[in-house]
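Order of writing sets the labels: A, B and C. Residues in every chain begin at 1.
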Amino acid sequence: MSEKLLEVKDLVVQFRTDRGKVTAVNGVNFELYKGQTLGIVGESGSGKSVTALSVMRLIPNPPGIIAKGEILFRGQNLLNLPLDEMRKIRGNKIAMIFQEPMTSLNPVFTVGNQIEEVFALHQKEFSKAERRNQGIELLKMVGIPSPERRFLEYPHQMSGGMRQRVMIAMSLACRPDILIADEPSTALDVTIQAQILELMKKLQSELGMAIIMITHDLGVVAETCDNVAVMYCGQMVEKADIKTVFSRPRHPYTKGLLESIPSYDSTKNREKGRLPTIEGMVPSLLELPTGCSFQDRCNFVTEDCRGRKGTPQLESLLQGHEVSCFNPIVV
Amino acid sequence: MNIYVYAFRRILYVIPVLLGVCLIIFVLFNLVSPDPTLMMLGKHANLKQMQELRHELGLDRSYFIQYLDIVKSAFTFDFGRSWSTKQEIIEMIKNGAGPSLTVTVPAFLVALIISLIVALFVAFYRGSWFDRIAVLICVALMSIPSLAYILFAQKILAYDLGLFEISGYEQGFPNFIPYVALPCIIWIVLSIGPDVRFYRTVILDEVYMDYVRTARAKGLSETVILFKHVLKNAMIPIITWVVIAIPFLILGALLLESFFGIPGLGGITLNAINSADFPVVRAMTVLSAVAYIVFSVITDVLYTLVDPRVRLK
Amino acid sequence: MEQVETMQAVAIPVEKHKSKSLWQHAFESLMRDRYAVVSMSVIAIYAFIALLTAFGFIAADWAKEVGPSYAAPSWDYIFGTDIFGRSVLAKTLKGAEVAISVGLVTAIIAVIIGVFLGAIAGYFGGKIDECIVWFYTTFSSIPYIMLLVAISFILGKGLIAVYLALGFTSWENLCRIIRAEVMRHKDREYVQAAKALGGGDMRRLFKHIIPNVLHLVIINFSLTFQTAIKSEVILSYLGLGVQGRPSWGTMIDDAKLELARGVWWQLAAATAAMFVVVLAFNILGDALRDALDPKLKGKS
């Protein structure tokens, strides 16, 4: 078993809105090991991005606040660190890339300037020439042709895919231990998506960092991740390695997600015609039902789920497979 | 396209606008305006006197000639003579420009500095009580009409407390300071409200952009983010706003000059309005319009220099 | 079948989450903002007072001499009296009529001209657009005061002239904004969809696009309203304003002669009355922008 880099315990993140307090993340626990890729999957609003931003303490305050929990990076609780210490970790030991490459880079500075900035901040011993050279090397590493020329260009002179490569380069500048990728390929064309994910896998095997991959796309998870955590309404409902989750899902939500993936495989046992969906809609976080949040959409709902036993918690069913359900699917 | 071609094209576009402005001025002051001879000669004028005066004033020429006159004056700045003072208008402008600028230029610079500093503070502490109070003060300042400011200030600060001169003007530095200080201050107070609101909006527009989140994720401090990343982007609309405000400095503040007896272009214009001195009013309008057009071209060209996204080779 | 049963089972909870329209959302959001609610109440009170004075229910006797000339504020004359011994309180209340009507009519005129020209320019593009852009560019090049004065000169004095003068000088900003927004919407999918479904240009423009730019009109309306109220003061100072009845502008203008004699109450009353309603409009305008313009969320 490799080194445990990150341990998140009982994370609770809330947001103040003009309609009341919303709990976006409600008691999330997970661990991340060196060299591992953990996927956090869920619909919009499930709390996956908020979880990721919390690790970096990038939750805007106001209106957000990390109400409870611990985020242990190499044993040290990041939530207790003074801000200037946290800044030494951001971009340096833990890095993050975001969903919208078109707007994530500053339009009035060259790409090279923005990469050099990371070195100037975290590797002050580099001279100006070294920053430049290292920067160009980074662009080469992420597969950008003519890196010397691109180094001097502005973001608007590059395509979305190329900008995302630049973001990846910037994030890996200081060889971080953890890379958090929040939907890195979602905003890109399908072919570019594949390229970016390929690139990330390649870099992981070269540099050895752990990756947290936030996505709503199970296909991406299958491609890139070792382990998966499924989130719904701010809670993790199922956690296991991908083989287990894809072949033997125990939570009805996970099962519903897997079934709704459109497939070209005609040998799959399903009715022709309608694409299966999970009925109903995600409830508003302001009006969650008592008991299990999934009760109104669940095909396996029982009386226990409606509040008699409180809200379900993650429990280990088998070694390495946790489910949060009062009536998990029997396999 | 290089910058000279762009500038040239932009200037070319100015011509129809200039012709249009002259057309509007022509329509307003030559075509549909009431006959000034009646006003000037009084009720008992007879027809012959009116005709003579009309000829003297050049009002009996064809409309087209009158229009061309206006267009010509936009380029040559030869506006003819004032109907009331009989002076050459271009001379009046030359004399009046100085005093106007002694009020507007210092006021402009001071207001700019104060507004920028306040806006930066407010953006840094956005959402806090400081932010809210600052915005409220700006809005309150904007809710009082300029005339009220002038009257209050003149009565209390100049007349009662004697801190400033009530009105009048003296040439030469530093003699004009006691005369110019109060109108200057009033101009600043009038500008701070809208300026701070604008700068704040522009800066906050940038602060919520994705690239700021990226900068934070890289580990940059809030101060560096504001002053390096945000400011450089915010400067683009701010610079264009500031540059386009410059032509308004030339006309001076009509009301301020009138009340404080500053013999500037604003006062000249107001007198002309009150005495139906059309050539002067026309001249001032043409002058302001030309200045505005020139500076809007400058602004556009400046924009291409400052924003890398539209930068030309 | 299984699907039908589960559909029935979840039918009721799904009902509960009927999504609200954008306008409902905006309205609710606005109602939650205390300051916006206070501002709207203030404006409503002013409008109500204006109506009352218009029909003569209060301050109908504003022209009556109630006391000595230039009496200072006291228990007898709450805001004091003016040069003719008339109650300043009555004049201030009556002045609300002019202010509200000036703001309203000006804003309406500006909206009609600005939206019409802006929508046509943005939608049809080409030569029509060039013409309209040229038109408002030339208008913008002339300083506001000059334009106001010139138009007032032509129209003479009086309330109607004030309405028209202010209305004709307030439409440029809105025109520009509407044009930009219509251009942005023109190429959006829902317009293409409407095109595909048939229906002529004007129908598309009015039924589909204009409702989507309405929020800009509302925001701009409050801005135009208060600018008009403030501009009326300048017109009064230039002698081009309202005749025959009190307006805050004329009261402030009269003050320039009164102050030297220590008579401050007319100026104070008119300025205070104007300050409160203009401030209310400013706050309301900001709140409207926050509620209606989704891009600006989180920046109040």
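Simple rule for what comes next: contacts are C-beta pairs under 8 Å (C-beta built on N, C-alpha and C of every residue); 3 or more make two chains touch, one makes a residue touch a chain.
Remember, it's a predicted structure, so these values are computed and weren't measured experimentally.
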Moving step by step through touching chains, the smallest count that connects subunit B to subunit C is 1
Counting contacting C-beta pairs, the top-scoring chain pair is B-C
Most central chain, judged by mean Cα position vs. mean of all protein Cα atoms, is C
The distance between the C-alpha centres of subunit B and subunit C, rounded to whole Å, is 24
The distance between the C-alpha centres of subunit A and subunit B, rounded to whole Å, is 53
Rounded to the nearest Å, the gap between Cα centres of subunit A and subunit C is 47
Check: subunit C positions touching at least 2 other chains come out as none
Given the complex, residues on subunit A that touch subunit B span 56, 58, 62, 84, 87-92, 95-96, 98, 100, 103-109, 117-118, 121-122, 154, 156, 167, 170-171
Touching subunit B in the complex, subunit C uses residues 134-135, 137-143, 145-146, 149-151, 153-154, 226, 230, 233-234, 237-239, 249, 252-253, 255-256, 259-260, 264, 267, 270-271, 274-275, 278-279, 282-283, 286, 298-299
In the complex, subunit B touches subunit A at residues 127, 209-211, 213-221, 229, 232-233, 236, 307-309
In the complex, the residues of subunit B that touch subunit C are 16-17, 20-21, 23-25, 28-29, 32-34, 135, 139-140, 142-148, 151-152, 154-155, 159, 201, 204-205, 208, 248, 251, 254-255, 259, 269-270, 273-274, 276, 281, 284-285, 288-289, 292-293, 296
